[in-house]
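The letters A, B, C, D, E and F name the chains in turn, as written, and every chain counts its residues from 1.
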Amino acid sequence: MRALLTRDLMLAFRAGGGFGLGLAFFLIVTVLVPFGVGPNSELLSRIAPGILWLGALLACLLSLDRLLALDWEDGTLDLLATSPLPLEAALSIKALAHWITTGLPLVLAAPVLGILLNLPTPGYTWLVLSLLLGTPALSVIGTFGAALTVGVKRGGLLMSLLVLPLYVPTLIFGAEAARRGATGMDTTTSLLMLAGITAGVIAIMPFASAAALRVNLR
Amino acid sequence: MRALLTRDLMLAFRAGGGFGLGLAFFLIVTVLVPFGVGPNSELLSRIAPGILWLGALLACLLSLDRLLALDWEDGTLDLLATSPLPLEAALSIKALAHWITTGLPLVLAAPVLGILLNLPTPGYTWLVLSLLLGTPALSVIGTFGAALTVGVKRGGLLMSLLVLPLYVPTLIFGAEAARRGATGMDTTTSLLMLAGITAGVIAIMPFASAAALRVNLR
Amino acid sequence: MTLTIRDLCVARGGVPILEGLSFSLAPGQALILRGPNGAGKTTLLRTLAGLQPPLSGQIDGAEEQIAYSGHSDGLKSMLSVTENLTFWADVFGQRDIAPAIAAFSLEGLKDRLAGTLSAGQKRRLGLARMLVTGRPIWVMDEPTVSLDVDAVAQFAKAVQGHLHAGGAALIATHIDLHLEADMLDVTPYRAALDLRAGASDEAFL
Amino acid sequence: MTLTIRDLCVARGGVPILEGLSFSLAPGQALILRGPNGAGKTTLLRTLAGLQPPLSGQIDGAEEQIAYSGHSDGLKSMLSVTENLTFWADVFGQRDIAPAIAAFSLEGLKDRLAGTLSAGQKRRLGLARMLVTGRPIWVMDEPTVSLDVDAVAQFAKAVQGHLHAGGAALIATHIDLHLEADMLDVTPYRAALDLRAGASDEAFL
Amino acid sequence: MMPDLGKYADAVLSAYGVSILLIMLLVIITLRKGRAARAALEAVETRSKKNG
Amino acid sequence: MSLTEDTPTPKRPSGFWSYANPVKFLGLSERILPAFWGLAAVSLIVGLIWGFFFTPDDFRQGSTVKIIYLHVPSALMAINAWFMMLVASLIWIVRRHHVSALAAKAAAPVGVVMTLIALFTGAVWGQPMWGTWWAWDPRLTSFLILFLFYLGYIALWEAIEDPDTAADLTSVLCLVGSVFAVLSRYAVNFWNQGLHQGASLSLDKEENVADVFYIPLLVCIAGFVFLFLALVLYRTGTEIRLRRARALQAREART
């Protein structure tokens, strides 16, 4: 188990491994939004919590692509499936590695990008908190999507398509919490729901992912 | 030349070829925005032109991934480079195929998605026109990014990072035209600038792309 | 632990490929699978390794016993030779990678990134992986692809060593490995066209 | 048109691999490249095909004359066998793919998607591609990988036919092809360690 | 000694602080990487000289 | 340093281009680096202390003018670093001198840090002046885009293993990126008219800031220039050593 985690982290940090790229994408999406909707700062600050959550979600989504596909292509998954490690555990570890290399940096970067979009001052804490609670769910759900589409060559876009609807509940509660926080309203309910989703998903999803992967390996 | 175009189109339409995935992504991003920023329709209609342009841009970007990487992996690019077809021509054709399978559907779908975001009535014509003028530039610039990163395994995210800043001028003029059109202002200048960028990029970028690809094939 | 196959039928893409296969593989024994291209060797080996379910028939003694090596090697081009091997050793709960390195004379390439190896060198690394699994039954699909004559000999020696230590090996190949081993030609087991039982298409026929 | 190589030095990853190579390949001639794993055969062939520049030395008569086939086949798994071949024929300005299909007995597989072929069948399709290029010089890197005995014989026959028609072939391989051909072992041309001329790392040594 | 920065003290001090910190970090990382490279090169050089 | 001993001297160009030889370059940089470090330290310390402690407050901006001593020099260097990378990339493409490519690689992280400092000091300055940390003013926006170009450039260097391939690709990116950076500047100007200061360092006396601010500012700019040169020279040396170690190792591996 440890071996897999360290290997995944090592690969992520090696040249071309993609660490920090999710972050960069997050940054770029946030930067592009004003070019799209115009430089009006009052408008920007109103949409800021939503856009930041969306940006984090997209950045997460894009990096899912390399979660399993690389290991599939070079035959590692075949070999892992015949190894003593249960596939459920292997996939949970891969999701954890994904969160460490992608989700966590996004959480840490969000406040800085909040400045770019004129996020109202009370919003920062809630934004970070909601992302911290929500991003693990994104990684775990994403692993499921990756397992479903791993056989499809360049399944990246197809995977996005499958995963995005699954991300909707997380996005709704997460963005709701951030938005309410930014306007000084009560956030308890949304945060609780968010935490519930994350906990449930971590407990159950690995089984679905492993089942999907087994079918694909066949 | 024709052979390459038909093959690329044929592959795109085959199962798993990715036709329509860009479109689906566009749809989903547009649908997710209200979940992120909240269901206020006046707010949505203000940001609609920008969000639609952004969505189209992201959808385009994501599909770039398979523009060259698949041909690289299975050795097709090696063989194409040793064929009588000049690499510049091959890349232009591939960009064209990308536009036909991705850009064009986005242009056609944009008005429908405009309804979802309450795009003001005068905006539709200008949105379609600006996308029609702008998306070819997105495909051509994207081909350059794909050529740069084709050697990098799963370079998708890296490519996004390289390509997005290159998309900025196109996005600015395109979204500006759409926004001005939606509020009934004059759009001539932005559309002219947009057309200028597209023309310039089509004329010059293939050489840069071919140079980058040659280096990568080395 | 003997691997026993009884009346096995395997399929690919919903089409039965081989049927009526029965054989067993005892410790110390090697079995070479032969058959022309497209005969179904790869399909059979993947089924035995547990990567796909058989259409019908029984496989006994395979659980957690098999180390599989397929057409691709599962190497990470951005990890060095040592790092690649260490990773697989860890996954299979083994420690020592030195014998594997020595068996395929990878000493000189130890610190090189796997991505910079030549085709044959990559293959040698892929084969060395079998030695760090600690599993008794080796199931290998065309292991000698891209190998030069010396490397093929090294490979034969490694297999021999594995057999002497009580292991078993099932190898699909088109070339002669100079191994003392039984031969199994899969051609006669080719599934009859009208075979229906169990194929996933069967319900529609 | 004769391919002439004079005092060639090729490099990979900035390191000179082979130096001082000189040979020529006349129409009707075949040359088999030999050498242990990692000797530099692939590197040499890619250089001749124009995919990478030589460090030094001259290559004459290669321009637009060479059809290259490497470790991978450039097949699209979602296109059928016919579609794959037709595409390459078009790119090289040829029309007729029937002889290529016949030469590697792909008739039965014509309408199958390339992705559903077995390893050897894929390879046969990859080799058939050489026949539709219409190029006189075939440069092939381990063409017989995964092929069974019959297919190897078919391949030898195709090469022979190409030679008779005035073509030439340069083939890197580890096995015996039963072709009448000259042999070139690249081992003696291994670049000396202190070779400096032109290597991209040279400036740093 | 300390100049009176008035109500903008936070802004000015943080600007100076962060900038100087960033420059220091850059210099330190540069120097450390430089040292490591020197050491690595020296190691390789002595080894390759020993082996002829 | 045993670099010079075992290296033969084949046909080498003389004059300026002779420093394109890594070994000769290392020799040169070894000699002039101490001077650059010294000059950088002295002018930075003098300039910043002068600016921070011994300049008056501006009547409008209060003590925040002091930020100018960091903001303007770093902004200048951020742009000039990219410009230097562009020139170095061109030299690599045309003449294929390794030092040039490595110098471009070495300059990029310095450029990023300069960009970050400019952005940060600007943001901190903007809070009291414009009442906001960030505004989508053209100058600020194009700076942010420059930052993105830096990130992409560095990421591309990192992602590609073969140093010559990486040098070629990053050079092409630098060329194309420069064109698009200029294009973006115009686009952004068209998109939004800004709040930011105009050029105040111009020689036109009317427009200029008062001398009390001007002279320490010049000292600081000189300090940043020297710091940049010292860092880039040193880092180029580091890159050269790494390349040499790599080359020797590769040679070793083949025995």
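Operating definition for what follows: contacts are C-beta pairs under 8 Å (C-beta built on N, C-alpha and C of every residue); 3 or more make two chains touch, one makes a residue touch a chain.
Just so it is clear, the model here is predicted, and its values are computed rather than measured.
A count of C-beta contacts for the chain pairs D-F and B-F puts B-F on top.
When chain centres are set by their Cα atoms, the one at the greatest distance from chain F is C. Averaging Cα atoms per chain gives one point for each, and the point farthest from that of chain A is the centre of D. Centre to centre, using the average C-alpha position, chain C and chain E are separated by 52 Å. Centroids of chain E and chain F (each the mean of its C-alpha atoms) stand 15 Å apart. Mean C-alpha positions place chain A and chain F at a centre distance of 34 Å. Multi-chain contact residues of chain F, defined as those touching 2 or more other chains: 145, 148, 151-152, 155, 159-161, 191, 244, 248, 251, 255.
Not a single residue in chain E touches at least two other chains. Across the assembly, chain D contributes residues 13, 71, 77 that each touch 2 or more other chains. Interface residues of chain C facing chain A in the complex, by the touch rule stated above, are 49-53, 64, 66-79, 83, 86-88, 90-93, 129, 133. Here chain C touches chain D in the complex through residues 12-13, 35-40, 42, 71, 116-121, 123-124, 142, 145-151, 174-175, going by the rule given at the top. Remark: chain F residues 145, 148-149, 151-152, 155-156, 159-160, 165, 168-169, 172-173, 175-177, 180-181, 183-184, 186-188, 190-191 touch chain B in the complex.
Of all residues in chain E, only 1, 3-9, 11-12, 14-16, 18-19, 22-23, 25-27, 30-31, 33-34, 37-38, 40-42, 44-45, 47-49, 51 touch chain F in the complex they form.
Residue ranges of chain B in contact with chain A, taken from their complex: 16, 18, 21-22, 24-25, 28-29, 32-33, 35-38, 43, 46-47, 49-51, 53-54, 57-58, 62-63, 65-66, 69-70, 73, 152-158, 160-161, 164-165, 167-168, 171-172, 175, 179.
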